[in-house]
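The following blocks contain the structures, represented as structure tokens.
Paired with chain B in one complex and with chain C in the other, chain A is shared by the two complexes that follow.
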Partner chain A sequence: MTGAATHWHAPRSLREALDLREDYGDETVVVAGGTFLGVLINNGVLAPEAMLSLRDVPELRRIEIGRELTLGAMVTHREVENHPEVRRLWPALAHMFSLVASPRIRNRATVGGVLADADYASDPPSMLAALGARVVLEGPRGRRELPVEDFILGLYETAIGSDELLTSVVVPGGHEAAVYRKFRTRSHEDRPCVSVAAARHSGRLRVVVGAAAMQPQFFPDVCGMGASPREIADEYAGRIDALSDARGSAEYRRRVVAVEVRRAIEETHHG
Partner chain B sequence: MNCTLHLNGTETALGVDGKDMLLNVLRDEVGLTSVRGTCGIGLCGTCTVIVDGQTTASCILPVGLADGKEVTTIEGVPSDDPVKVAFEKANAFQCGYCTPGMILTARAFLDENPDPTDDEIAEALAGNICRCGCYVKIADAVRLAAGMLRDEKVAA
Partner chain C sequence: MADPRSGGSLRYSQDVAVEGMWHARIVRSPYAHARVVSIDGSALPENTVLLTPDDVADLSMYGCQIRDEAVLSRGEARFVGDPVAVVAAPTRRLADAALALVEVDYEELPAVFGIEDAVADGAVLVHERHHVSENDAAYFGIRPVDGSNVCHRFRIRHGDVEAGFAQADVVVEETFTTDGAAHVPMEPHATLARWTDDGRLEVWSGTQTPFNVRMDLAAIFGVDQSRVRVVCPPMGGSFGAKTFVRLEGLAAATARKAGRPIKMVLDRAEEWQTLNRHPSRITVRLGAKADGTLVAKTVTCHADTGAYADCGPGVAQKMGFAAPGPYRIPNVHVDSHCVYTNAPPNGAYRGYGQMQSIWASERTMDIMADRLGIDPLELRLKNLLREGDAYATGEVMHDVAFEECLRNAAEAIGWNEGREGKGLCVLMKGMQTPSRASVAVDALEDGTYRVRCATVEMGQGARYAIRTMAAELLGVGVDDVSFPDPDTDVSPYDTRTTSSRSTHMMSRALVEAVRNLREDGRTGVGEVADQGGLDPDTGQGIASSHWHQGAAGAVVEVDEETGSMKVRHVHASVYAGKVVVRAAAELQNEGSIIMGLGTSLFESIDFADGQVMNANLSDYNVPSITDLPRITHDLVEREGAPVHGLGETALPPIPAAIGNALQSFGIRPRSLPMTPERILDAIDERDAQAGTRELEAAE
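Moving on to the complex of A and B:
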């Protein structure tokens, strides 16, 4: 037991959850699957006095498939990975989720949670950004959508207002090709040193590099310059302000980016 | 908060702090020390329990999220369960520290995939670490258990 007991809010509808969020703001920690918060609490980084659990909000568990894919914030990684229609129509997305950590973690970790955490070493943000996905935020001023690359502002920093909840993610469909490459420096590492997601939609290429810097790296002008895979990859390697951590130094990461971006773009040509 | 776990088939009411981890509640409040805390970040698998049919890292699950759920630890798996029997037959352990997590992971995995390939077994168990390095025999045990479970189905 650590300190005073936490006040535990467990709303049973989205309306109730949004009202609680508006009333309590950031002092009440929103919990989705708990896999990231659990680590923070165990390490003493976080000792929340109150928590707002989204576990029992049915509206956040929906998977809707049309021309676009809508994933409710509380849909788990495992549900995306195993959903037959998602696997058929968004195979790179399903594959990417299957590469996160272990089944035990994917059973709990949610689509909304991983985006709201904005951890630089998570897999989903770069893939979702490459697919042109939008994050849906709801609050007292209504509903707004932001592209994933504009939603993640920095390390553990997002555009979620203190009275808003991330309610779903919308992923466009109809890509000609989509690829996710996860580069690990050790076979036991769950997390990428560098990840590269590349997708083509209506002839336009989007390449997003994850885990190499504090937030997903996307350079639309480079993608649109009609250059060769190698030229685009070299430009990405030059522009990314790479970070150093246990999985690789900045210099090492830039070299990996140059190789992995080229390979990812080449793979989009080969289906 | 008041929290009710359907723990190994028994309704168990507990007064807990919702942010305490399920692992600590199971060990310290209920006395189920088969559930082991090691890495504290969901990586090693020794704290694995089954929550509503799905393996879960109890070391990073705030217990508030387990309220009202079915929780199974190794004590909830009968001693004649084919997976337990297969682990014994295959000698799939040395010190036994990782074994509860391994068996529970294998149990949930075989419910989902009754006829797995070797690669699928390796992938399913990749998140459970055995420091004695018994992986070859553990994989043997899962294969053996899969066969026993399929035979059970045919017989039934």
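Moving on to the complex of A and C:
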């Protein structure tokens, strides 16, 4: 980073963290694992004067397992990936986290951080949305929950208020099937060109496409129309306003969506 | 004894420190072509030094092959990232902070990007004139085309191609391209410069070319070469990136103004603005008789060298003279061009232009094999150069091993058990010619020996290999032979550590050095010089005093709905003659193969109006361990054979072997890297052609 001194807030409890957040708001950048912020700061894109680190907040590190799975915001990708009960009961979720970047990154990157970044090319949002997960936000007005697909508003844009913190994610259990397909065009450690998460719960299908557009793409009406996997896939490919980047052009992404959505739905039938 | 690299005790070039040194950062142009109107350092705190074009107006132009570079570009930036000023401060952190305080006003000028636009009529000229350098790296007849962006054109004229094509039953013509790529050494460029009290310039630099750097620094500052000293600590990788003058002129000029030593270490992102690999466009026309006998070939190469020639003319030359391939072809014309654009400079990269022309030529061989209905291995075996054959340059081939390498590669991938998804490539690759290597061996008072040698260590294990060879000749253990950092004040002259030449050249020079040591008792110097060179207008002469020979095979699977390719297995076979240090030789093969996979699959610099859009290791991917297929390789040795260089041989054949494996499915990739999107386009093209053929058959 470029010389400027940074004030570093390191609260040791959730109460303290929420108070600091309320006091400082967006003037202070919240840092979780730092894998994304670190890149921005090193590249000079961001030079925050103050940061609020959630590293030492024990309440945010919990994994609670019941009918639903609660992942504290500071739980790392690696912890989800390796948790025996998560692997048994939410295998697709654990598998998805195991596909992110490299172990070095997964040891640092957090569940809350990746959602709050709302980067279009991250793996977890589409899988969490397909599983029907809810983001828990806490602030001076109390606690509220939002479905992941409503939480992410656009590229790097979320529903977090300037006095709120993302404290956990709640993932429903009891899916009949859940699948995550990560389609890469470059290194195995790269982000996806297109990702498709599909899950069935109580006979209802949810298909969410990640990395193809500026935010996760979910069309409940298409999923609910009882059509064949191919028809649903073609409809997704037609509706998604795909983007172009170094991982693939918009036109290429639409073709991949048509293939990968079909395959993901087919897998939910067989898996 | 723990390896100092794994134990963390090795001092790399970026670790060099001297008392009183300051740290410097480069102010870089945000425009691809602009005139610097003004530079304002008034916001800089005390205790900073700002180097501007006014401070270097007395310095001379330089360039290893074309004299087209000036320290700070004399106020005209020619690429995004071109240094326009330097700021120095007591610490790196202060220098970083100072960098943000320098205000520069620019007047943007028209720029030119890409080979096609650069060679078009009326193109913006990146340089008005092309002055051939006096550096000894300008070792061949450089033929700039004044009034154009072509800073060198090279030709091979062998036989009569018109008559040759007239005899052909089948002629194929295809155009191939390769994207720019980055070297990505783990250690970035690092240089420290200081002026001694008696006015000598001393430079510690991570460079593969100490004597060329000394020559150019002497030219820049107008002093005798003896007034410049270049020391080369070990580098954390280079792959060609750290060749010729990079930071040395800037550091020395800043040190002169600051009156104190100046250290420069680049940020990772700056690496993409410093030196990259040449993008290329290559058109191959190949004619054969129905029985597979090759009768004529023309190759037209264009290499995009960016805003400064650097060693681009040499790269275009090698791209050209490797283009005929290891085949007997009676009629060959090659036209290779080195072209300026307003991109960051492109220069040496492991394989030096030859990967690009081998990709084009060896892909064409499989397209020809398909057209003829001949097995690609058979087509190659039928035409391969054998002992005593003359190459297209007229030179006679000796110590030939193409067939053995090619058969090894074919066998390793199970060529005879069905060739679906399998591809082969065979190559010849030149070594720096002419070149000279000298080495000194001293007997020390404690009974051990010291090698003084300008071969630099960049992770390839050259020092250990040279110590091993010296120890063998001296009849002592390797630990009794030391090899201090190359230093132009004490190491005898060597052309440079490039083109897989060091172990080969030094193995010969050491024999003489040790013989002379035995006579003298204290010191022995040995020197070898390989003569040669080509007529730039006919390409006749000696292209390479020593040819690197190898082959590769690849096995792939393709998801035809998405174009996603899985490489299952890659094998490379490399002619070693005699292996000196087996573990190091094997690592060279493996490293070359892995770099070749990156080039094949996804390495690509993404430009937008001359700006590198992916100058970081998240957006620019290099292969990780999880990307590797099954990798196997072999080193071909022969009784009594000399030591052959092998630091790069396994890289150039990998892309074509993979491309040819796709060809076995009728998919014809023509651009590198072979991304899934490009493969899907090639699948569409195949299916469209099949549709057209069916329609024609129905009519």
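FYI, the second predicted complex is superposed on the first by the 266 of 271 C-alpha atoms of A that agree within 3 Å, B and C clash if a C-alpha of one lies under 4 Å from a C-alpha of the other, contacts with A are read in each partner's own complex, and residues count from 1 in each chain.
What we mean here is this: contacts are C-beta pairs under 8 Å (C-beta built on N, C-alpha and C of every residue); 3 or more make two chains touch, one makes a residue touch a chain.
Please read all numbers here as calculations on a predicted model, not as lab measurements.
> Looking at A:M214, would you say it contacts chain B, chain C, both, or neither? Reply first, second, both or neither.
neither
> Per the overlay, which chain contacts more chain A residues, chain B or chain C?
Higher number of touched chain A residues: B.
> Counting only touches as set out at the top, which of chain B and chain C does A:L243 meet: first, second, both, neither?
neither
> Per the contact definition in the header, classify A:D190: touching chain B only (first), chain C only (second), both, or neither.
both
> Taking the superposition as given, does A:T6 touch the first partner, chain B, the second, chain C, both, or neither?
First partner only, chain B.
> Pick one for A:M51: touches chain B only (first), chain C only (second), both, or neither.
Once the two structures are laid over each other on A, A:M51 reaches chain B alone.
> For A:I41, select first, second, both or neither according to whether it touches chain B, chain C, the two together, or no partner.
first
> Applying the document's definition of touch, where does A:V256 land relative to chain B and chain C: first, second, both, or neither?
Once the two structures are laid over each other on A, A:V256 reaches chain C alone.
> In the overlay, answer first, second, both or neither for which of chain B and chain C A:S102 touches.
both
> Do chain B and chain C touch any of the same residues on chain A, and if so, which?
1-2, 39, 43, 102, 190
> What residues of chain A sit close enough to touch chain B in their complex?
1-2, 5-6, 8, 10, 31, 33-35, 37-39, 41-43, 47-48, 51, 53, 55, 78, 101-105, 107-108, 190
> Residue numbers of chain C touching chain A in their complex, please.
These residues of chain C touch chain A: 93-94, 96-97, 99-100, 269, 561-562, 564, 601-602, 604, 606, 613-614, 616, 618-619, 621-624, 626-627, 675-677, 680.
> For the complex, give me every residue of chain B touching chain A.
The contact residues of chain B facing chain A are 1, 17-21, 40-43, 45, 48, 51, 54-57, 59-62, 64-65, 67, 105, 109, 124, 126-128.
> Please output the residues of chain A touching chain C within their complex, sorted ascending.
Touching chain C from chain A are residues 1-4, 39, 43, 102, 183, 185-190, 193, 246, 248-249, 252, 255-256, 259-260.
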